[in-house]
Amino acid sequence: GGAKETPVVPGGKPTIRLLTDATGIDDKSFNAAAWRGIVEFYGDTGGNTSRRGAFYDVVTAQTQDMYIPNLKQAADEGYDLIAVTGFTWADSLNEVAPLYPDQNFMIVDVDYVTQPNVMNFVYREEQGSYLVGMVAALQAKEDGIANPRFGFIGGVPGATITKFEMGYIQGIRSVFPNAPIVDYYTNDWGKPELAKAQAKSWYDTGVYAVYSAAGGSGNGTIAQAKEYRAQGRNVWAIGVDSDQYADGLYDGTKSSVLTSMIKKVESSSLYALHAVENGTFTGTVVAMSLADDGVGYSAANPELSKNVIAQVEAAKADIINGKITIYGTYKEALANNAAPAGLSARDD
Amino acid sequence: MNLFFNAIPSILMIVSPILIVAIGGMICERSGVVNIALEGLMGLGACATASAHVLMETAGMGAPSIWLALLIGSLVGMLFSVIHAFASINLKANQTISGTGINLLADGVTIFAAQVLFSADRTRGFRMGMQTDALGIYPTVYIAIGVVILSWFVLYRLPFGMHLRACGEHPSAADSVGINVKGIRYFGVLTSGFLAGLAGGCIVLTQTIQYTSNTINGRGFIALAAVSFGRWRPAGVAAAALLFGVAQALYLFTGGIPALKALPSEVFNIMPYLITLIALVVFSGKNYAPLASGQPYEKGAS
Amino acid sequence: MKNRLSGKTLSVSRRLMDSQGFTSLMVVLLGFLVGTILVALVGRNPLNLYKAILQALTGYNVDNGRMNVRYIGETLNYSVPFILCGFSLAFAARTGLFNIGGEGQYIMGMTVAQVIALLGPQVPFLHAALAIVCATLIGALWGGVVGLLKARYEVSEVVSTIMLNYIALYLSRIICLQLPGATTFRTANFPTTAVIDNSFLQRLTNNSLLNSGFFLMIIAVVLYWFIMEKTSLGFGLRATGFNKEAARNSGIPVVKSIALSMAFAGAFAGLAGGIVALGSFKYGRVISGMDNYGFNGIAVALVGNNTAIGTMLAGFLFGMLKNAQALMQGKQIPKEITFIIQGLIVVFISLRSALDLYRQWNDKKRLQKEVLAK
Amino acid sequence: MGYAIEMLDITKTFPGIIANDNITLQVKENEVHALLGENGAGKSTLMSVLFGSYSPDAGTIRLRGDDVKIFSPNVATELGIGMVHQHFKLVHNYTVTENIVLGMEPRSRFGLLDLGSARKRVEQISEQYGLHVDADALVEDITVGQQQRVEILKTLYRNADIIIFDEPTAVLTPQEIDELMDIIRLLKKEGKTIILITHKLKEIKAVADRCTVLRRGKSINTVTVADVSERQLAEMMVGRSVEFSIKKKPLHAGNVVLSIRNLTVKDALDTVKVNDLSIDVHAGEIVGIAGVDGNGQSELMYGLTGLSPIASGQILLDGKDISDMTIRERIERGLGHIPEDRQKHGLVGPFSIGENITLKDYFKGPFSASYGILNHPAMDERGVRLIKEFDIRAGQGTATPAGSLSGGNQQKVIVAREIELSPQVLLVAQPTRGLDVGAIEYIRGRLIAERDKGKAILLISFELDEIMNLCDTIATISKGSIVGIFAQGEVTEHDIGLMMAGTRKNEGGVHTV
């Protein structure tokens, strides 16, 4: 096994191939983040990827039936580490990893590829989402809004997205225990027009902030928030995965993205690469939480009040030290009265 | 009902680009050339518009940037439609072939261009797209209405329009009275390219913040359906596009109904397509397609 | 092609020009040429493009001199749905219909194959066979509806297939979400009786995904050729395609022909869906986007000129490019290049008609010379 | 008087064919000049050269003594040359007015279409030349004869003083032909120069002053019509002596094989086209249906063959009602059909002759073995045999695509197919439309041979000549009903013409509520 065909490791750094789904490394989500971590590891930057090809590269699979062949191909070509992102890869990886026992693999967002040569990374998105929910709620309070409403837009429903929604709701409810919350799933990662129409309709009916975890569809929410803020209306979008402050910019430093739930997938690639480099790579599950700085929120928006940030930082500490429990599934959240009934979230 | 009225601006936002490109497709077919490349041309226009807008906005150009970008997008759409025009008018090729080719090509070319311009698979996000007026309506809506009225005016009130329609029905009749069939068909195809580019630009500027490979997402094909469903007439096409838009936004004003909430949410995604299909069957009957549409024109006597 | 110069010996170049196969080949080469230039223009080494293609075709890796037949297997496996979806367009095209609905038919085939795989009787061989048959049948139904709407209500097949593609996508989600063990992106694993992997082919191709679907595809190619060219059914369908009115007047049941032809078309795409579902995956997928095999089938059939052999070769080309695409990216060639090459090839197919025009012009010139010389 | 048009040494080639070989045609000012020739003689090509649709390979054109280069129809139009094409160049869903002004529309001040003044102008011209048509009617709703008037009006609207008519009478009824002759005379009186292409000698005798005869791309002669007989003209045209009258054995009618009872057929718009029509056809008999185009003849055929559903009534074939049967079942029961529109209903263009000849029984007998597998050799065998038997001229034998055949040969393929099936009843519509003398002779002969074999034939033709000569029984149709049935010889062409003319006032069938 272990078709190490090109053990040329110039400069002693390990080599890595990132495999992505059809959206590629510019998805602004985990692929982009994983890529960022890789690039950073070699001292390159997004604009200058001079070591690409020599140390690291990426292959995008157009369809899901390319997953297994792409994994095998990468193993053939001999990289020190092969990285995949997202639960859609889990089955393929589970099948391929045992065929190449000497090959190191890592996967993000999954904790059940229990092979000795696969490092699993899972993120506690509900924690980061809790913080951004709280940011939104506190900012609303700060703005003197008596009974603010909040919205959540998801892409295709599923357990992962539900973690985002539940954390967000609990964050809001920690400030306004009875805040009305609405949600909507576009059922499609690429329909920004639906997200935009929904966000507009919500903003028009008094929703203060809309958090979207909907891939490309989320762009619609940001676009709508930009327009309304430019018109002087006090509504916000909340970004996801990476800091979307810049995406929300509409005038100078003014951004319609109040904050973003940041999921640092780059830390996974960095973590795994360092492990390979130091010879400590093992097949484990690595949980990335607030404590590990794996998730977080962005305070980039200058309109965010210091006061809000201070309170959120306090909550962050409480989450880390376990004083605050956050439920990641709708079932649990409902059972603990932490989320309202009638939402579209799904736990599977 | 109130919900419905609130949703009108969103519906119009969704409908406008579809309507603009559908009118383009209609004019093209009326001149005798079927253009299934609308989808790809929209993508090219959208990508060009987004890129131009980002670059000009960054360069400090103010509000005119949007309009200039829109024009650039339209021109790019038109430019690529020349391929289709040349293949189907000069080479008398099967019109579905070059159309399909452009659709495939657009997938590659747009992302490739984004790679070259922004080193990414998508264009950089722009700061501000189009903004609504006091009524909450986007300029694209007025553009769309303008395009519909203008197309009606040109087709039915100008001698040129009469020539154009004749080329789609009976090109050799048109030829025999000295009408330049090739020229008019070029006009038809290039107009559809221009309008497809414009529609693509309208989509990026009103519905999102950048161009991605997913931005058009089948709307060029929906426009093709609207042309046929609208019976190749401006008002009909407008009605068809509107119906589709309303069905798309159905969730917004019926989503609150508890009985409907029990349904799988995918039902709402299916609605626009199902309603259009049913409407097509219900309003079926005579075939209203221009007689010569889709057939290359061979000059000849007899 | 009308050849009014009978009796004269034709030059070799002229004979080549007359051959559809040759022009297709030239068009493909032209597409690659432009693609190569583009690669060079963005500062990458075009040689890598061809290294990737060579490896996808032969399994030979130029860089390290190793051979791995698995790549051939993957190329063949990717080709299967391309070819079958190509037939979906081609079959309809031969009856005068433009079937953009391959994608929807493919999705429905995939969906039903998954349903049967998870709920059907777990009898070896029969289980998988049933799933494949049902996938083919639902494809036939999904296409046949289009034919019926067209024949009975004059609903343009272009429009109805577009609608049915999207309906299929979301319907598939609704259905698959009800299947055992369904999460939002997958179902439970298939029982082993349902999958169609083939240990012989796997051994032969060093464990590629190539599966029994390959044989089904070969059968489909033969069937397509046989039905079209050799049976009275195909005769009636082709007659309908060329001249619906004359076919009707001759007693050929045109409504039935159109519905039947769309059903056959759908069956091919449905089969593709079934093969991909049971051959390339061990669990059911709850899809949230399209695989685009159906759409690409349009291009495949156009390049293959709707013939059995042509479509098969074009499908191999697309399968090869798909496999090469992954190899290329490892060599820093942008993946968009393959889309651009595919698009260019299809655009250049129009050059076939340019050749016809040239031929006519050439004949005319020659004849004029002959006439004026007299 | 000088020449209005001189075409000198015109040569025009098409791939493989010299359509015009050094032809010279000189047309005097204000004469009616006929251009006579068999199909493919090069008449249309020559006129297309004159009208600027084709450019000649060699030769010059002079207009009233001056050399002109006519490189497009626009130039021809500007020079005052107009052409009424063999196949009308009319946009079906445009009104009469729109069609007439198309390309030269009157415009209002802002460049808008001014259909109001267009209409006035059209009405004024039609008044002046007595060419009455409803200016607001859609072209698809008017009769063929009226459509031809629209074509003539188009040339007049463009101020043509030289008007070319390409086979104008091929599609007209006898009355319409007479009217056209009157129109031509009137045009001549108004000072126009007319070039008239035709195969029909009678027409030349009726209106033409001089006549140029073309044969196989060459001009044979130009004669003054008054000086030659029809027979002489015909011989010049075909290059041999011709037989005019048809020889036919006396009628031996058998049982009624086809009985049409109270048949009503509606068109797609639910208009009654065939109205309660009844007629019988006996074995060994040819029944002809004479009538003005548009009185339900086509729909009668569609109803009988099954191309259209029938609204009510019965069609009895050998006593069995076939009106609910599919087209194929009717064919199986012995119903043959030579359709009016041979391109549309008769042939599959890209299919070979062999395939076209088995189009109705390919799924049976020797052509398809069990399990529906085609037997190409059997098809080819039949093709070869019938090509020989019916003297079909085809470059690549049985493999020749039917679409590449000439009109006459296409018709022979259809006739061969139908006769080969040996149906009890043969429905025949316009069997010789647009064919040349030789082909006409041949096809009429075959029909009579079938009759003599005891087949029942129902013939529809707009050419009274054909009806009078071929048919044992003649029926006249009007507004979808039979208005009179006579035995051959009982009536004169004139009587039938009148009967048909009597129905001319409101054409287009009866509208239901």
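As written, the chain order gives the labels A, B, C and D, with residue 1 at the start of each chain.
In the analysis below, a residue touches a chain if its C-beta (ideal position, glycine included) is under 8 Å from a C-beta of that chain, and two chains touch if they have at least 3 such contacts.
Here is each chain with its UniProt name: B = Nucleoside ABC transporter membrane protein; C = Inner-membrane translocator; D = Nucleoside ABC transporter ATP-binding protein.
Because the structure is predicted, anything quoted here is derived from the model rather than measured.
No other two chains have as many C-beta pairs in contact as B-C. Centroid analysis (C-alpha atoms only) places D farthest from chain A. Centre-to-centre separation of chain A and chain C (Inner-membrane translocator), using mean CA positions: 37 Å.
Inter-chain spacing, taken between the CA centroids of chain A and chain D, is 75 Å.
Each chain gets one centre point, the mean of its Cα atoms, and the points for chain C (Inner-membrane translocator) and chain D are 45 Å apart. The residues of chain C (Inner-membrane translocator) that reach two or more other chains are 170, 173, listed in rising order. Shown for chain A are the residues that touch two or more other chains, namely 157, 187-190. Counting partner chains per residue, chain D shows two or more touched chains at no residue at all.
Chain contacts here follow an irregular pattern that is not a line, a ring, a star or a complete set.
Contacting chain pairs (ordered by label): A-B, A-C, B-C, B-D, C-D. Contact residues of chain B toward chain A in the complex are 3, 6-7, 9-11, 13-14, 119-122, 125, 127-129, 131-132, 203, 206-210, 212, 214-215, 217, 248-249, 251-252, 255, 261, 265-266, 268-269.
Against chain D, the residues of chain B that register as touching in their complex are 156-159, 161-163, 165-166, 169-170, 172-179, 286, 291, 299-302. Residues of chain C (Inner-membrane translocator) that touch chain A in their complex: 64, 66, 68, 70-71, 74, 77-78, 170, 173, 182-186, 207-209, 276, 280-283, 285, 288-289, 291-293, 322-323, 325-327, 329-332, 335. By the touch rule above, chain D contacts chain B in their complex via residues 44-45, 47-48, 51, 53-54, 72-74, 77, 83, 85-94, 98-99, 102-105, 107, 111-113, 154, 166, 268. Of all the residues in chain A, the ones that touch chain B in their complex are 24-26, 46-47, 157, 184-185, 187-194, 196-198, 200-201, 204-205, 216, 219-220, 222-223, 226-227, 230-231, 246-247, 249-251, 342, 344.
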